[in-house]
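I've put the structures underneath this note.
In the two complexes that follow, chain A is the common piece, with chain B as its partner first and chain C second.
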Partner chain A sequence: MWQQLRNRFGVPLTMAIVALLGIWLIVMVLLPQWQMIDYSFHPSLLPAERGGEKDVWSLTNYATFFNNDIHLAIFFKTIWSSVLVTLLTLIVSYPLAYYLAKVATPGQAALCLLLLIIPFWINEILRTFAWYIIFAFRGPLNELLFALGLIDRPIRFLNGDIGVLVGMVYAYILFMVFPLYNAIESLDSNQIRAARDLGAGWGRTHRRIVIPHAKPGIATGCIMTFMLAAGSYAVPALLGSPGSRWFTQIIYNWFFEGGDWNQGAAYAFLLLVLCIVFVTVIMRIFKVGLGDIAK
Partner chain B sequence: MDGRVSLRQVAMRFGDFTAIQPTSLEIESGEFFSFLGPSGCGKTTLLNMISGFLTPSEGSVTIGGTDMTRVPVNRRPTAMIFQNLALFPLMSVYQNIEFGLEVRGIDRQARRRRADELLELVALAGSGDKPVADLSGGQKQRIAIARALAVEPRVLLLDEPLSALDLKLRQHMRTELKAIQRKTGITFIYITHDQGEALTMSDRVAVMSEGRIRQVADPMTLYRQPKTDFVANFVGENNRFPGRVVSREAGMVTLDVGLPAPLAGHSTDPLEPGDEATLYVRPEQWRVGPADDRRLPLSGVIRTEHFEGAWLTLEIALEHGPTIRAHVPHAAAGKSLEGQFAVGSVCRLDYSPNQAVVLAGAEAGQPSEEAIDVAATA
Partner chain C sequence: MSSSRFFSWALKAYLLVFFVYLFLPLMIMAAATFNESRFPTVTPWTGTTLQWFSALWADGGMWSSLVNSLLVAVGVLCLALPIGVASALFLTTVEGRGKSFIYALILSPLLTPGVIIGISTLIFWRNWGVNGGIALTIIAQSAFIAAYVMLMVAARLQRFDRTLERAALDLGASQWQMFRRILLPYLKPAILSAAVLAFLQSLENYNTTLFVAGYDTTLTIYIASKVRTGLTPAVNALALLMILFTVGMGVIYELKRRREAARRLV
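What follows is the complex of A and B.
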């Protein structure tokens, strides 16, 4: 690779590129991560005590987590809810991506994409607030359902998980739609036509032809959505309730309310491990490599 | 198995654009029928209406006596071979062939038996477990045929399936397709812009241009008895001589085409003296002789000479007339060494009026690459 770069850019520029890459990797990625991990294995101490005899490596911070039933429950709930968000987003995005890639005329597809993207010009917090207003006890959604005669008393959407799920599906839909769209778009339309021509209904055509082809896109979309969902803070903070707390909120609390950075670092590291495990599992299930996802 | 296909006044419009003018056509069961025409003539649209990918704007499509106009593509007794074959790349050869059977809920063993039979038919027995990507172009072609035949269609639709193959393989596959058609007795409907394919394989050919069928006939008739200017120019090569009718006697018509003497040809069109008409003489119908051969009535100067293997192609500027193309057999061409057919030399020539066709009208139809409009070069 060094050879290739040198032939292309010359020695000084190549050195500069490699140096910048190295600095970025070390300063922005590796050092902070290492610092985090290092924090997580030390007790929280007053500045005066640091480096003293109390400053030893220990697993206390992790033990705290595994001994706290509530935190454990929230951790697993976060995993489960993120999986649910991922599945819901996939179910919503797949027909949309298929329509954009194979059914819509170029004009319709451009219009649709524009309509999808415009809301994302607005800050995530504000968008989430919009849902907060829609879901409010006396908000427009309840009014509408009431006017249609579907309910006879308002529903507390913001009380449980519904608000969080909907908010997240909405917040991350683009991260699912685009990989899916790219994957489906690259499928030769004659494959779909051939399957239809051989007698396959729409269900079978998707199951046997479109979805297998779109697998790398599905994997990419699921991984991105899951990571964003599991690491989300704004959506559960705004649309959730104390009963639907997210693991990120616990981490936040340790850092900024408990003031215990070491404890928070341990929790954050656990979330990181969880995400890595999830990515690995998904890659196994879909039998895709890192290269497929990077595309 | 009834594989008749009837089109009754079918038309296809996309907005303001009419892809197919109202068309009626009967295709017999077990026939090898081709649609021949340049790209954009509507032949693929017609095929898509038979397969069910398109619903006609007007008219009806009947297959085997049953109205199929509104039946969706997956419920029609047709199977299609796509131009790019559209084999399923993530599946093995077996899975490809068995796909249509699996859809029909046929059990695994029966499917495998049928797939093996078909692999036998297309001379690829034993390659069922291979991934599709490992096959050569010709093998992929055969698998596409096997996959389409697996569902036992009444009508097999072929959308220029040979266009991706090299010349030798293409010629070989023509023979093979024809053999498979005879063996299975299925109606084959073949789309092509390659007249060689249409003429060699088909029982009947429909020549199309601008969304219309210009002529339906067996290949021999199409070549010998074109009915329109477009067909005369598109199928094979032709030299056009537009002019006016001088006289008519039985089937023979004599035309003044601007040459010193009038030229004759046979015609089935109702022509009267004074009518505009065009005479067509095919390049191989010319008899070219030396300058001193007084039995040959026309005279001209050889402009170019191309060696084509079995024959020589000469471009000859007729005296007081246009430039024509003539194919001279190789045996006679041997004399070119003695300078007889050398560029610049004078020759005399003749044709047989019995083989030449006269059609009404002197307007050129839609020109094609193969057409040589002698009026334009004159």
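What follows is the complex of A and C.
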């Protein structure tokens, strides 16, 4: 590798490239992650006690998790809700991505993509805040439902999971639309036309032609959306209630309210393992590699 | 009606609903800025006012957090751009064993939840006596933003015609001159768009920043704390300004694109 780089760029540039890459991967990615994992297997100690006889390798932090029914429940709820968010986002995004890739003229597609991106340049907090206003107890949604005669007293949307689900789908939709759009766009339109000419209905054309072709895009979109949803802090903090806490909020509390970083590190590692498992499973199911994800 | 016409009609209806879903929340948020009500809402409308803009103007915490956010964003550019470009050069040059492992490592920050990146950075640097603050925020954000930069730069680098490189070297350029005069100018558009993306990513980041910001509150952290505690429509005024700024950028981009498309037709 060194040889190949040196032949192309010469020694000084090669050294700069390798140094930058090394600092990034080792100092900014690998060592911190390693440190976090190491932390999670040690008890929380006072600074004076570190390195002393109490500073031993232990599974206590993980035992705390598995013995805490509330935390376990929140962990599984986070998984289930994130899967639900991912599925909803996929369903909502697919028709749009198909339209952008195969139906719209290039001009229309460019305009739609721009319209899609604009809300995403505004930050996640404000996007979520917008839903906070809509869902408020005396907010516009309740007023509308009331005016339509559908309800006779306001609903507390911000008290359950509905707000969190809607807010997350809204917040992460772009991460689903773009991979889907890229994947469907590379499908030769003649294949769709051929399927239609041979008598396949729309449902069948999508099931047999478009969706199989879009697999890498679907996998990428699902991975990104799940990871963002499971790791989200802002949306559940703003749109949820104490009854609909997210696993990230428990992690945050260990760090900044419980003051037990080692315990927090263990919880963070569990979240990381969850995401790695999800990525692996999806890549298996859709038979795609890392290279497909990066497209 | 034929099934094909039904589907194209349904698709159009769906698009309409989708874009309403996309923009209505933002419009409601913007509209609430002009409502006199002390709590941000559009129902009930208690009177039209511009007072929340002056409230925003008078909010010192907002301004200092904006300054912090900008400092962080500039820092991220200084760190993530060189790293991203270097990794793109690395990946498009080397072949052989170990490459796919390094590639997976490079992509891993994109598949790691933001909170984990923040937490691991916070823990790691505490060993060296560095606590949360602007510096740590820059490091933590760059850890994943550099991967975005890498992807954008590598995409352009893959289309680079390497005979240009050979030609420069054959004509007596040093490898440094080749990099400086051929490769960098070729990569400039990709680096510029990566810079814009990195800047926006940094400004809007919340999950990672939450753990590493320490007492150096950034704009997103400030807004989030405002939403949970003393929420007034001043936050909406800020949102409205950000929306206008974004739409303005979008319009400029679209006009530029149209002009370029028109030029290509001539």
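The rule we apply is simple: the second predicted complex is superposed on the first by the 291 of 295 C-alpha atoms of A that agree within 3 Å, B and C clash if a C-alpha of one lies under 4 Å from a C-alpha of the other, contacts with A are read in each partner's own complex, and residues count from 1 in each chain.
We take it that a residue touches a chain if its C-beta (ideal position, glycine included) is under 8 Å from a C-beta of that chain, and two chains touch if they have at least 3 such contacts.
The model shown is predicted, which means the values in this text are computed figures rather than measured ones.
After overlaying the two complexes on the shared chain, residue contacts for A:87 are found with neither chain B nor chain C.
By the document's definition of touching, of the two partners only chain B reaches A:188; chain C does not. Put chain B and chain C next to each other and count what each touches on chain A; the higher total goes to C. Look at A:212: by the touch rule set out above, it reaches chain B but stays clear of chain C.
Of the two partner chains placed around the shared chain by superposition, chain C is the only one that A:238 touches, whereas chain B remains out of contact. Of the two partner chains placed by the overlay, neither chain B nor chain C lies in contact with A:145. Of the two partner chains, chain C is the only one that A:116 touches; chain B does not reach it.
When the shared chain is aligned, chain B comes close enough to touch A:199, but chain C does not. Shared contact residues on chain A (touching chain B in one structure, chain C in the other): 196, 201.
Chain contact summary for the complex, chain A toward chain C: residues 1, 4-5, 8-10, 12-13, 16-18, 20-21, 23-25, 28-33, 35-36, 39, 92, 95-96, 98-99, 103, 107, 110-112, 114-119, 121-127, 129-134, 136, 138-140, 143, 170, 173, 196, 201-202, 223, 227-228, 230-234, 237-238, 248, 251-252, 255, 261, 264-265, 268, 271-272, 275, 279, 290-291, 293-294. For chain A in complex with chain B, the residues that touch the partner chain are 188, 190-191, 193-201, 204, 208-209, 212-213. Considering their complex, residues 51-53, 73-75, 78-80, 82-84, 86-88, 90, 99-100, 103-104, 147-148, 150-151 of chain B touch chain A. The part of chain C that touches chain A in the complex is made up of residues 3-4, 7-8, 11, 14-15, 18-19, 21-23, 25-26, 28-29, 32, 40-44, 82-83, 86-87, 89-90, 93-96, 98-100, 102-109, 111-117, 119-125, 127, 139, 142-143, 146, 151, 165, 174-176, 179, 200, 203-204, 206-207, 210-211, 220, 223-224, 227-228, 235, 239, 242-243, 246-247, 249-250, 253-254, 257, 261.
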